[in-house]
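You will see two complexes here that share chain A, one where it goes with chain B and one where it goes with chain C.
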Partner chain A sequence: MDRARKIALWLDDRLRISALFASTAGHEVPASAGSWFYVFGSATLLCFVIQIITGACLAFVYIPSTNEAWTSLQYLNHAQFLGWYLRAVHNWGSNFMVAIMTLHMIQVFLFGAYKYPREMTWISGVCLLLLTLGMAFTGEVMRFDQDAYWGLGIGASVMARVPLVGAQLVHLMLAGPIIAGETLSRFFTLHVFIIPGLIIAIVSLHLRLVLTKGINEYPKPGHPVHKATYDREYAEILKKEGVPFVPHAIGKDLIFAAIVIVGILGCALIFGPRGPAGPPDPTIVDTNPRPDFYFLSVFAALALVPDWMEVFVLFVAPALLIAFLIALPFISGTGEKSARRRPVAVLIVIFIMLVLGVLTYLGQTSPWSPHMSAWSGAPIPVNYVKGRTPLELRGAAIFQNKQCRTCHSLGGEGGQRGPALDEIATIMTRDEMVRQIIQGSGNMPAYGKKLSPAEVEALVAFMETLHPLSVPPVRNSDRPENRLPRDVAMVRPATGRLNR
Partner chain B sequence: MHEPSSEAEKVKESNPPSRRDWLFAAGLAVNVAAGVLLAIPLVGFVFSSFVQRKDPRDWIPLGRLDEFPEGKTRIANYRNPYTRPWDGQTANIPCWVRHIQGNQFQVFAVNCTHLGCPVRWFQESGLFMCPCHGGVYYEDGARASGPPPRGLFQYTYKVENGQLWIKGGEMPTLANPA
Partner chain C sequence: MPMAAARGVRKEYSFAAIALVGFLSLTACGKPTERPIMPPDVTDFKTLFSENCAGCHGMDGKNGPVRPLNDPLYLTLIPRETLEHTIENGVPGTAMPAWARDQGGPLYPKQITALVDGIESNWTKSVTLGSTKLPSYDAGGDAGDAAHGKQIFVRSCFMCHGKGAKIGLVTDPSYLALVSDQNLRTSIIAGRSDLGMPDWRFLNLGHALTDQEISDIVAYLASLRPQGAQTATHVVESGSGQTGARTTGNEGSGNGPGSPENQTANQGSGGKGVGNARTKQ
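Our next item is the complex of A and B:
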C-alpha cells in the first residue's frame, strides 16, 4: 500500500497531474452554472468525440475512390460485422451533434453569455458552427450515392454564381472540370483531415477561454453587465459561491452525456444507417436529389425565392448572417443578460427557428417539384369521368396523356406546382382556359405547339365539367347568349356534372 | 535624431543590438525563406487548377446518326474525356440529343441551369422538367418556367463519318456554359 502511494506521488510529481487538474477540470465555476441549461456545450464535444471514434472505425473499411466508395458502403452495410451499426452511429452522432450544438448556441444567446468579457468565446463558437456544417456537407459527400453526386452538382452550380471567379471556384471545388475521381478524394481530405483538425484547434481555444474568462454565471434579471465592474463582480461570485467544476458542477453534464450516448446508440439501433441511395451513376437521370436534413431549408429557399433574389440568398444573406453573429458581442456586449429582460432576443430565436422549421418542412415535402410519374401512375378518379360526353372523355384522356398531372392534381393526386384543377370551371371561362393552355403564363409553359386545335377543344370540354354540382361554371359576360334575360339563358343545356 | 522619450527606449538605445538579437532576427528570416520554399510546391499542388488552364474538352462520338430518329429527343451517354483510372461509373455522362432534321441537332446537357440537377424529357408534353426545384424547358431547350435563369446548356456538335460528335468534358454551369 505504502509502495503504491509512493509510486502515485512520484508520478504526480513528475507529470504534474494534480496541478493540471486544479487549473483545468477542477477550476472554480459559479455554483449557478451547474444547471441543466449548461449541459449542451459538453454534450456537443461528446458528440464530436463519438464522431472521431466511429469515423476512424469506418475508415478501416471505407474506400475514398469514386469507383469503390459506394460498393464499400454496401459492404459496410451488409457484409462487415457491425458495419451497418457503426455507420448508423456515425450518422446519428452527426444528427445529435448538429441538434445539440444548436441548443447550445440558443442557450448561450438567450443567457447573454456572449457579452463582455466572453466575446472571443462566442466568436470561436461561431467558427465551430460553420466548421460543423462543413463536416455535415462533406460527410454527405462521403456517402457517395446519387444524392451526393447531384449534391456536388448543386454545390458547383452555386459556386458558379460567384461573380468573376465562379469558374475557378467550380474547378477548385470539384478538383477538376467535372465531378470525377479527384472530387471525392478532395472531400475526403476535408472531412477526415482538414476540418476535424480545425475543429480540434478551435475547440481547444474555446475551452481555454472557458478557463481564462470563466463560465457565464446563471443570469439574474436586473443584473446588467458593466465593463467597469463585471470582472470584480465575477470574482466575488466565485469567491462566495464558487465550486470546483469537477466534481461539484459536472454532475448534470455527466447524466446528460449518458443520455446522449444512449440516445445515439438507440436511434442507430432503431432507425439504422442512412443510405447509400442509388449508385453515383450520372446516367441514371431518373432520380430525385435531396440534401440531408441540415440543408433542406436552404434547398427550399432556393425553390421559393424569386430569381433576382437568388444571388442575395446564396451569398449576401449568409455573409450578413455570419457578420451579424461575429459582430453580436460588440453590438450588445453589455447590459441585461437574462432572457426575461431581453424580449427581442427571445423573438429572434423564435423567428429563426420558425423560419428554419417551415423551410425544412417545405424542403421535405417540396410541393414545387413536378410529380414525374403521376401521368402514368395516378388515374383520373372515376367521379371525374362518370357521365361525360365522348368529347369530354377524349379531353380527360388528353389531360392524362399530355402529362398535365405532373403539375396539376385531380382528386388530391398529382403535382402541386400548378393549382389543383378539381374546380377549375368555377374560376376560368372556356376562353381563358384555351388562352392559358396555348400561351401559358406565370409558371405554366405554353402548349400551343404540342396540342392540335381538336385536342385543345376536347381538353377544354373536359375541364369545363370540373366544378361541384352546387356551383355553376363561370361564364363570359361578353358572350351574347350570356347577356340574355335569365329565364332564356336557363334554357342553355347545363354542362355541369357531379364531381364528387 | 529625436530625444529618447520613454524609459524603455533609453534602455534600447543604450544597448546596441546584441549577438542574440541578431541570431533571432536571422533565424526568423531564414525560416520565412524556408517557409516560402515549402509553400510554393504545396500551394502549386493544391491550386494546380489555377496554374494549368488547358481546355479539358474534347470531341466525343455519341453514336451513328440513325440512332437518333428525326423529330425525336433521345438520351445518349458518353465517357467523359477528362478521366482518372478510378473514376468508375461517375465518368459516364448523359446528354439529351434532339434530332431536328437532316444534320441539324441540338445536344443539351442534363444539368438544369438553375442548380445543376438532371432534367428529364417528357415526350408527350414536349418538356424537360427538373426534379429539384421544378424548372421547365421547352423541347428546343428554351426556358419555359420555374427558377432557371436561362435555357438548357448546349454542347457544340458536328456530324462526321455518319456519327454525331459533341465537344464535352466539363460540367456546364452559369460561369462556364458548355
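Our next item is the complex of A and C:
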C-alpha cells in the first residue's frame, strides 16, 4: 500500500496531475452557472469524443477507395458483427452533435455570454460550428453512395460559380476535373485528419478561454455589462458564491451526458445507420438524392429561390452570415445580458429557427420535385374507377399514361407541382379543362400537340367525374342548372356525365 | 433461509438481465436487413408490379381503369406468349406502353419474365366452365359481320352500354379510338370481374355468345371507330407473328414509358369523329 502511494506521489510530482486538475476541473465558477442551461457545451464535446471513438473504429474497416468504400460499408452493415451498430452510433452521434451544438449556440446567444470579455470564446465557437458542418458534409461523402455522389456534384457546381477562379476551386475540391478516386481520398483526409485536428485545436482554445475568462454567470435582468466594471463584478461574484467546477457544477453535466449517451445509443438501436443508398453509379439516373438533415434547409432554399437570386444565396448570404456571427460580440459587446431585456435577440432566434425548420421540412418533403414514377406506381383511387363509363375509364388510363400524375396528385399520391385534381370538376368546366390541357398556362405546359382529340375527350370525361359526392360539378352559366329531376340527380351525382 | 433469499434475488437479477437483452434485441429494428438493389436487378414480382403496372392495372391487379390482370378467366384465356409480348411491346395506339428495354421501356427481359411468372403464379386459378367452350383469345383474322354484330349488340349489350344506360356508351367514337379490337374482344369474353361486367356466358339471355358472335360485335364496334384511328388494324399476334408485330410496336413507341412524347399519328384523322362526338352531347 505504501509503495503504491509512493509511486502515485512520484508520478504526480513528475506529471503535475493534481495541479493540473486543481487549475482546470477545480477552477471556480459562479454557483449560478450550475444550471440546466449550461449543460450543452459539455454535451457537444461528449458527442465529439464519441465521434472520435466510433470514427476510429470505423476506420479499421472502411476503405477510402471508390471501388471499395461502398462495399466496405455494406460489409459493416451486413457481415461485421455489430458493424451496423457502430455506423449507427457514428451517424446518430453526428446528428446529436449538430443538434446540441445548435442548442449551445442559442443558449450562449440568449444569455449574452458572447459579450465582453468573452468575444474570442464566441468567435472560436463560430469556427467550431463551421468545422462541425464541414465534418457533416465530408462525412456524407464518406458513405460514397448516390446521395454522396450527387451531393459532390452539386457542391462542385456551386464552386464553379465563383467568378474567375471557379474552375480552379472545383479542381481543388474534387482533386481533379471529375469525381474520382482522388476525390474520395481528399475528403477522407479532410474528414479524418485535417478537420478533426482543427476541431481539437480550437476546442482546446475554447476551453482555455472558459478557464481564463470565466464562465458566464446566470444573467440577471438589470445588470448590464460595462467594460470598465465587469471584470471587478465577476471577481466579486466568484468571491461571494464561487464554487469549484468539480464536484459542484459538474453534476448536471454528467446527468445530461448520460441522457445524451442513452439517446445516441437508443436512436442508433431503433433507427439504425443511414444508408448507404445505391452505389455511386452516375449511369443510374433513377435516384432521388438529398443531403443529410443539416443541409436540407440549404437544399430547399436553393430549390426555391428564383434564378437571379442564386449567386446571392450561394455566396453573398453565407459570407454575410459568417461575418455577422464573428462581428456580433463587437456589435453588441456590452449592455443587458438577460434575454428578458433583449426582445430583439429572442425574436431573431425564433425567426431563424422557424426559417430553418420550415426550410428543413420543405427540403424533406420537396413538394417541387415531380414524382416521376407516380404514373406507373400510384394506382388511380378505386372510388375514381368504380361506376365510371368506358370512356371515363379510358381517360383515367390516359391520365396515367400521359404522366399527368408526375405533377398532379390524385388521392394524395403524385406530384405537387400542380394542384391536386381530386375536386377539379368543382372548379373547372369541361371547356376550361380542354383549354387548360391543350394550351397550358401558369406553370403547366401545353399538351395540345401531345394528345389526340380522342385522348383529350377521354381525359376530360374522366376529370369531369372528379368531384365529391356532396358537391356538384360546376356548369357553364349558359346551361340550365339541372336537366334532370332532382331526385335522379341526387341518386347518381358521382358521374358528371349526367349533368352535361 | 437467507441463502434461499439471496438465490431468489440473484434469480430476479438474471431474469431482468435476460428480459433486458431480449427487449433490446427485439427493438434493434435499426439493423439494416435489405441490401440496396439497383433497378435493373429487381426481380421481385410485387415490387415490379407495384412500381410499373399498378398505376393502371390497379393495386393487386384489379380495380384499375384498364383490364384487370388478377382475373383467372382472363389468364386462362390469354396465351402466355401473348401476355409476355404485350408487356414487351405494348399496344400501339392505346395507353399500354412498351416495357422492354429494346422498345424504349425500362424493363430487362428477366424482369418481364418475372412479371409474367408472377402474374400467372399469383392469380391463375382453375376456372370451371362446365360444358361451355372458352372462345379463342384472338379472332384469328376472322372479320366479323358488322350488321349481325349490331343485332347482337342491341340485344345483349344495350342494357348497360346503350345511350343513357347505366354503365355508359361503348359506341362512343372517342372510346373506340382508344381501344384495340383485341381489347374489345377480351372485354366481351372475360368481362370485368372487378367492376361487375359479366363474362361472355352471361351477356346473352339463353346461351353463351359464340366465337362468331363475339367477332361480329367487335366488327360492329370497329365499324363505328373514326376513320384512321390506328388501333383498328392492330392485332397482337402470338407465336410466329412476333417479328412483324415488333415493327408495329416501334411505330407506336412514342407511348413508351421512357418518353413523354406521344403519338400524334391519329390526331388529324381522328379529329372528325371526335368533333361529331362532341356535338352529339
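Following the convention adopted for this analysis, the second predicted complex is superposed on the first by the 392 of 500 C-alpha atoms of A that agree within 3 Å, B and C clash if a C-alpha of one lies under 4 Å from a C-alpha of the other, contacts with A are read in each partner's own complex, and residues count from 1 in each chain.
Methods note: contacts are C-beta pairs under 8 Å (C-beta built on N, C-alpha and C of every residue); 3 or more make two chains touch, one makes a residue touch a chain.
Since the structure is predicted, the reported quantities are computational estimates derived from the model, not experimental observations.
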- request: Considering only touches as defined above, state whether A:401 meets chain B (first), chain C (second), both or neither.
  value: both
Query: Of the two partner chains, chain B (first) and chain C (second), which one does A:392 touch, if any: first, second, both, or neither?
result: second
Task: Check the residue A:449 against both partner chains and state whether it touches chain B (first), chain C (second), both, or neither.
output: both
- prompt: Looking at the overlay, does A:190 come into contact with chain B only (first), chain C only (second), both, or neither?
  reply: neither
- request: State whether A:74 touches chain B only (first), chain C only (second), both chains, or neither.
  value: second
- request: Please work out whether A:374 is in contact with chain B alone, chain C alone, both, or neither, and reply first, second, both or neither.
  value: second
- request: Answer with first, second, both or neither: which of chain B and chain C does A:271 touch in the superposed model?
  value: second
Message: For A:279, using the defined touch cut-off, is the partner it touches chain B, chain C, both, or neither? Pick first, second, both or neither.
response: both
- prompt: Which holds for A:46: it touches chain B only (first), chain C only (second), both, or neither?
  reply: neither
- prompt: Can you list the residues of chain A that touch chain B in one structure and chain C in the other?
  reply: 279, 281, 286, 375, 401-403, 449-450
Query: Any idea which chain B residues touch chain A in the complex?
result: 47, 49-50, 56-57, 75, 77, 80, 82-94, 110-111, 114-120, 122, 124-127, 129, 131-134, 136, 138, 144-147, 149, 169-171, 173-176
Field: Complex contact set, residues of chain A against chain B
entry: 65-68, 149-150, 153-154, 156-162, 166-172, 174-182, 279-283, 285-289, 299, 302-303, 307, 310, 368-370, 372, 375, 401-404, 406-407, 417, 440, 442-447, 449-450
- request: Would you tell me which residues of chain A are touching chain C in their complex?
  value: 74, 77-78, 84-85, 88, 145, 268-273, 276-279, 281, 284, 286, 373-380, 382, 385-386, 388-398, 400-403, 405, 449-458, 461-462, 495, 497, 500
Task: Sort out for me which residues of chain C touch chain A in the complex.
output: 24, 27-32, 35-36, 38-39, 50-56, 58-59, 63-66, 94-97, 161, 167-170, 172-175, 177-179, 195, 226, 229, 255, 257, 260-264, 266-267, 270-271, 273-275, 277-278, 281
